[in-house]
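Next come two complexes built around chain A: one with chain B, the other with chain C.
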Partner chain A sequence: MTAASRWAGLAALLALWQGLALAGDGWLLAGPVQVAEWLWSNPGPTGRATAATLGNAAWGFLLGNGAAIGLAGIAALWPRALTLVAGLALVVFCLPLIATGPILRVLMGPGDGPQIVLAALAVYYTTLIPLLAGLRAMPQAWLDLVQSYGRGRWAELVHVRARAALPYLLAGLQISAPAAILGAMVGEFTGAERGLGVLTIRFTRDLDVPALWAAATLAAGLSMAVYAGIGWLGRRALSDPPPVILAAPRPVRGSPARKAAQAALLIGVVLVLWWAAVAGLNPFFARRPPDVAAALLWAPDAAATRATLGAAVAQTAGLALPGYAAGLALGAGLAVLLTLRPGLAAVTVPLAVALRSIPIVTTAPLVVLLLGRGATGTLTLVALMVFFPAFVACQQGLAQAPGPILDLFRSHASGPLRQMLHVRIPAMLPALFASARMTVPAAILAATVIEWLATGQGLGNLMALSASVSDYDMLWLTMVAATLLSALLYWAVAWAEGRVLAVMATEQVRP
Partner chain B sequence: MAEIACTGVSKLYGDSILAVDGIDLTFVSGRTTALLGPSGCGKSTLLRLIAGLEEPTAGTVSIAGDPPAALCRRGGLSIAFQDPCLLPWLTVARNVALGRKLARQAPDPQRVDQLINLVGLGGFQNARPAALSGGMRQRAAIARALITRPQVLLLDEPFGALDALTRRQLAQDLPPLWQEQDATALLVTHSVDEAVMLADRIVVLSPRPARVIADLAVPLPRPRDPETPAFRRLAGDVLAVLARGGEQAQSLAAQ
Partner chain C sequence: MPPIPMTRRGLITAGAAGLALGGAGLLRPAAAQVPVALQLSWLHSVQFAGSYIAQKNGWWRDAGLEVALLQGGPNAPVEPPVVAGTALVGISAADYAAAAVAQGAPFRIIGVAMQKNPFAIASLPDNPVRAPADLPGKRIGMAVANTPVLQALCRLNGIDMGAIQIVPTQYSAQPLLAGQVDCLLCWETDLPVAIEMQGLRAETMLLADHGYVLHSQTYIATDDSIANRRADLVALMAGEVRGWDACRADTDAAAELTVAMFPDAGLDLETQKLQARRQVPLMFSDLTDTQGFGWWSDESVEATIRTLSLMGRTVTPDLWDRSILEDLHG
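Coming up: the complex of A and B.
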């Protein structure tokens, strides 16, 4: 049934796409037939580019997930490290890939290094977070059993936690496979020699519409294929159904002083790691924390730097925030609507699940092509980037409404609307917030990518500009600014989440 | 061998729930003791204290003179929890064998098979816990507890989810397994008949916080028959003690 409706949805989408292409004048929109023709007649370059991108994505996938598994293991063996590990993971997650790209480029030189690192960075968080949850998602009694034989954390990990976390790991790996392609392509956007990202940039410059659509289709198709492939492997490997809610570990509880101490420790460790990463490299481009602080605070032209940076941050935030909010609202709203209209959902939901796997950012040039270089394009891209994960998460949250309570409402002859308001929407909130947190960096990434590629505004543009004129102070500053922007928004969402769920809490809140 | 000594043991959960209050008890090896008491009185907590899974807030628990952890590390203690606690991804046979693995004992597939048959799960060796009934899971957990030939065996309502016939069958078949090894066995149960049937000694606990309100020997010869007058008389006595414990608590609460 699901498989059938998924194919039906896909066929409907293709037909719609072809119809629009036929109706249009061919300047903006190439239909599936044209795309297939183009791919058929240009097998050589596309094949090589695809191989390069897939190779980099695969290396990044291995490295990033390996790091995630290692760190999760450390956190399982030394629970005290959990706060620091989760905090560092968050900082890395908030790093703007598009600015990290050029910095890695100057640090690592030409070649595949930056693409691989970016792919690893793109996958690392989405695996680590479910894994950290999975390593703790078990009844205390299972751990008591191990302890009653006088065994310690290592035996817990080997006999209980590792296997219990497996479904969570597979869920994380599935999401991270398309993310690896995204990371590799963003790396290619920022100055590689080969790959689908490079082709995309070239076609954008040449305004080669069929080629552009073909490259985007290829990237989207690859993403859906790896997503579906890992999902299939996971279903073969496991009999238990995959967990759905991918919530981050709960924020630290405790006194404000303790929280402040932990935040300070985190900032300290980040600075030390930054310093260590650039140690021994040419300080001309490998800027250290004091260099960047000087450029911002006490260099002769610090005031001008601050003004430029501030304006760019304001521009980016001004578009990213409304787009982010719109994407969340649309995702949640559509999920609610479709739950009230289950017939429609049978076709749209599988389609959305498939489309979620597409890294929307890689289609940025198409969005520019269709919507122009103005604010509409940026808003749309950001909203789309947020929409799919939010929609799918909300859909799953709504479906998780506790059956006995729904039965209770039905037994009192309450209609679907009442059930929605009193049971389903409260059950959806944890999923909505989890996706809201996870999509924050994606929103900033989408905004900066489109600024970098097209709009000539905001942080993304400033990154591109400072990379091209070798203004490395500004390049590092833009990276710090974008990271802080993501982190602040993330914490704001987490704060709101705590507030709302404390009131509306269902059993789902603590998995 | 493995004598358990509780001296002045108390357990306070949080800062208001006193679950166990000043328990002084000694359990000698080779003997089976039944712990009886109303629901929520602190029986499971007492077992967890003896297994070293909780630290007492006052008093000490020692096994053969050492803290419980020492015997646990040697694989000499088994506890069957009130909730069967099988790992869902392992088959019944592997769940039972896990006991030996965790106790760092060499695998013994023959004994695994033998015990599974003895608890009446023959044919279910390769079934997963999800495919078992509640009572079947409990029996698998008992087999896991017995597989290591423990010196101290703690059973928390092991027959809670079983029908009367199976209960009686297991009550006959299982005790020899630990008695022949001279194990110190503690059995929490809600059934007075079961306590009289299985135990050499019955300790009756008060409603929460658990205090000892009666400590009775069971001087009946084995095998025991619940229909004999001596058995019925003893069971009646125990029930009366339990009831009195409840009344005392009520009058205390009323004051």
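Coming up: the complex of A and C.
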């Protein structure tokens, strides 16, 4: 992509934005001119809000990605720990912001704590999952070489796996950039004194449309800058063409009994950690596992509780699943399209980053206007949240097509389409499946956030309602339900992945 | 927090305030400041101006309290910090307090800031809702969570709720201005103010004028605090009473102080001034003129209990505890 086409793309985007703003009635969308005017005349408050949000997002980015790298390292050194590490990581990622936010605020008091933690929680999982795939993305021969020198797993990790995982790590960091900023902003909803999230809430209520879109523009602009910066670093760091990955096929491991034992261990560890986490807290809001079990199973109103919860889960699943599928298809599809037609990236990539980093409270009214208040609107918003991580991971996966094989295709005058079908898409599969797994909880989470902030339905609404009337049994039940829903879908995707990669990318299924 | 320049009005209000704390034996040595927190129910705004005035004038400091005002937000419920002891007092409403008590929270209402409930139905003049009878056939934009509020209003006025079309919307005036709904269920003091600040006129029908009696912006504290930290509670409420009296005396000065104290909160001065003017009639009445800010009558407790029962909540008068205000007013 040349600099000229990039600027032309940006100009086209700005023109489109201004056109949309002029077409509307003024209560929905402010154009770039109004936004620029507002920013020019209000530099102080916006500057301090931006600094506060950016600072918290940066800490969250560092801590979250640091944790992801640490966990991936542990899983690479002790492969037996993988199931437990990945399972715990999934459970922690599934914890809904609306439930964790107030608890973090009580634990950490006034200040930046909850914003930083929520930003870290928003990023670590989408880095961990691609990283785990990357730590396996090398020819068997490289590992054999390390072993033939009598060296162990540490040497493997340092000399071979870390290097192979670098492109996957960079994709994870790129996905993290907008997620950290959005996480910090949503963290501000727990009672922060300043930041772009606080301003967003204020301007929404005051109907200050230029100010609202100025805050959204700043969030999106920051995300784009960080995204582009990491991309630039990546292009400098990764100069070698990707290798040809050859690995012997192996049967999928694990007997049903062993898998059941692993699942039981995971559930046991989660329950123990839950108990330990709430031990010092007041039981009024920090419910223990037996309280929650009682509310669901044998309390006098347990049947009504089950009915309410079941209806909410069905409603959320009914929107999250199609939105998830659509977002995944859209992400993979756009990654393929941009590899074939790189010129389009100038328009689509900034738009994709913007859609991921502007809070739903700002975009929801627009989506409602365009698509109505029905299922289509929610489904589209879920798809937009899923789409971005899938797109970045798949784009990176497509770039893993081995150089020598592409050279071979070129020397036989095979066109880009044929290269795509026979080389790039097979090379993308590990990244595609990693993105399919990591966006499962993201889809459920996105659906609940949209239900909470915009549509007032399903699990998200039930969470907000339960919190507002202090029904903490129900709030914890909704957390368990959201987690189980994510876990079931995750394991379904992982099952399909095991079957496909056992044939298409055998390095991913070796021990 | 940076020092705030004292305005002429601020000085007047500080001087004009009526309650003498020294006589009540509340003055403690300045060295022994007790740190306490007041958990607000929403973002900083004139909604809590009385607290800012008390803090700014040092009325709590003089009474030996070091008060932290904890901001609320969309994801900051008031009850957990109060139960956990992070906050000594929280600002809630009778319906939320009743719900928390039903869930086992040991709360009591120790003061009522909003004598009249601030819920209103806002509409535009060319298609107004001026009485509950205007509601059937209208599309109302509201949060689904507020369905019990509309339900209670309909039952109090014999309106068929099935004839009203509920449209779940975000809490914003935009759907009304865009013509997606005919009216909004909101607070008298926020979305209608936003509409007026846009140069339009909003019709509002206060639910409290149509039988919906429900104490709002109530001060809640735990039984434990009421039993063991009476002096702190009395001193905190004394500051609130004095602060709100000063706010009533000059709402514009209260708005100016709010904007000056929170320069990062994105507050618009004119919006805050209008909001302050609009909330005063909800907070003061003949009753508070004779008994003091925060007071409530037994009749209003009965009426609140009746409204709550229409919303499916069973509450007893035990939820209210007037002893702190009684100590305060001597």
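Operating definition for what follows: the second predicted complex is superposed on the first by the 322 of 511 C-alpha atoms of A that agree within 3 Å, B and C clash if a C-alpha of one lies under 4 Å from a C-alpha of the other, contacts with A are read in each partner's own complex, and residues count from 1 in each chain.
FYI, contacts are C-beta pairs under 8 Å (C-beta built on N, C-alpha and C of every residue); 3 or more make two chains touch, one makes a residue touch a chain.
Fair warning: this is a prediction, and the values are worked out from it, not measured in the lab.
Peer 1: For chain A, which side has the bigger count of touched residues, chain B or chain C?
Peer 2: C
Peer 1: Counting only touches as set out at the top, which of chain B and chain C does A:D301 meet: first, second, both, neither?
Peer 2: neither
Peer 1: So, does A:V106 touch the first partner chain B, the second partner chain C, both, or neither?
Peer 2: A:V106 contacts chain C only, not chain B.
Peer 1: Between chain B (first) and chain C (second), which, if any, makes contact with A:G150: first, second, both or neither?
Peer 2: First partner only.
Peer 1: Considering only the touch criterion stated at the top, classify A:H159 as touching first (chain B), second (chain C), both, or neither.
Peer 2: A:H159: touches chain B, not chain C.
Peer 1: Which chain A residues qualify as touching chain C in the complex?
Peer 2: Against chain C, chain A makes touches at 25, 27-28, 44-45, 48-49, 52, 97-98, 101-103, 105-106, 109-110, 186, 188-194, 198-199, 201-208, 211, 281-282, 284-285, 361, 364-365, 369, 373, 453-457, 461, 464-465, 467-473.
Peer 1: So in the complex, which bits of chain A are touching chain B?
Peer 2: That would be residues 139, 141-142, 144-151, 155, 159-160, 163, 239-240 of chain A.
Peer 1: How about chain C: which of its residues touch chain A in the complex?
Peer 2: Residues of chain C touching chain A: 43-44, 68, 70-77, 79-81, 83-86, 96, 99-100, 102-105, 143-145, 167-168, 170-175, 177-178, 190-191, 194-195, 197-198, 262-268, 271.
Peer 1: Where on chain B is chain A touching in the complex?
Peer 2: Listed in rising order, the residues are 48, 51-53, 69-75, 77-79, 81, 83, 85, 87-89, 98-99, 101-104, 128.
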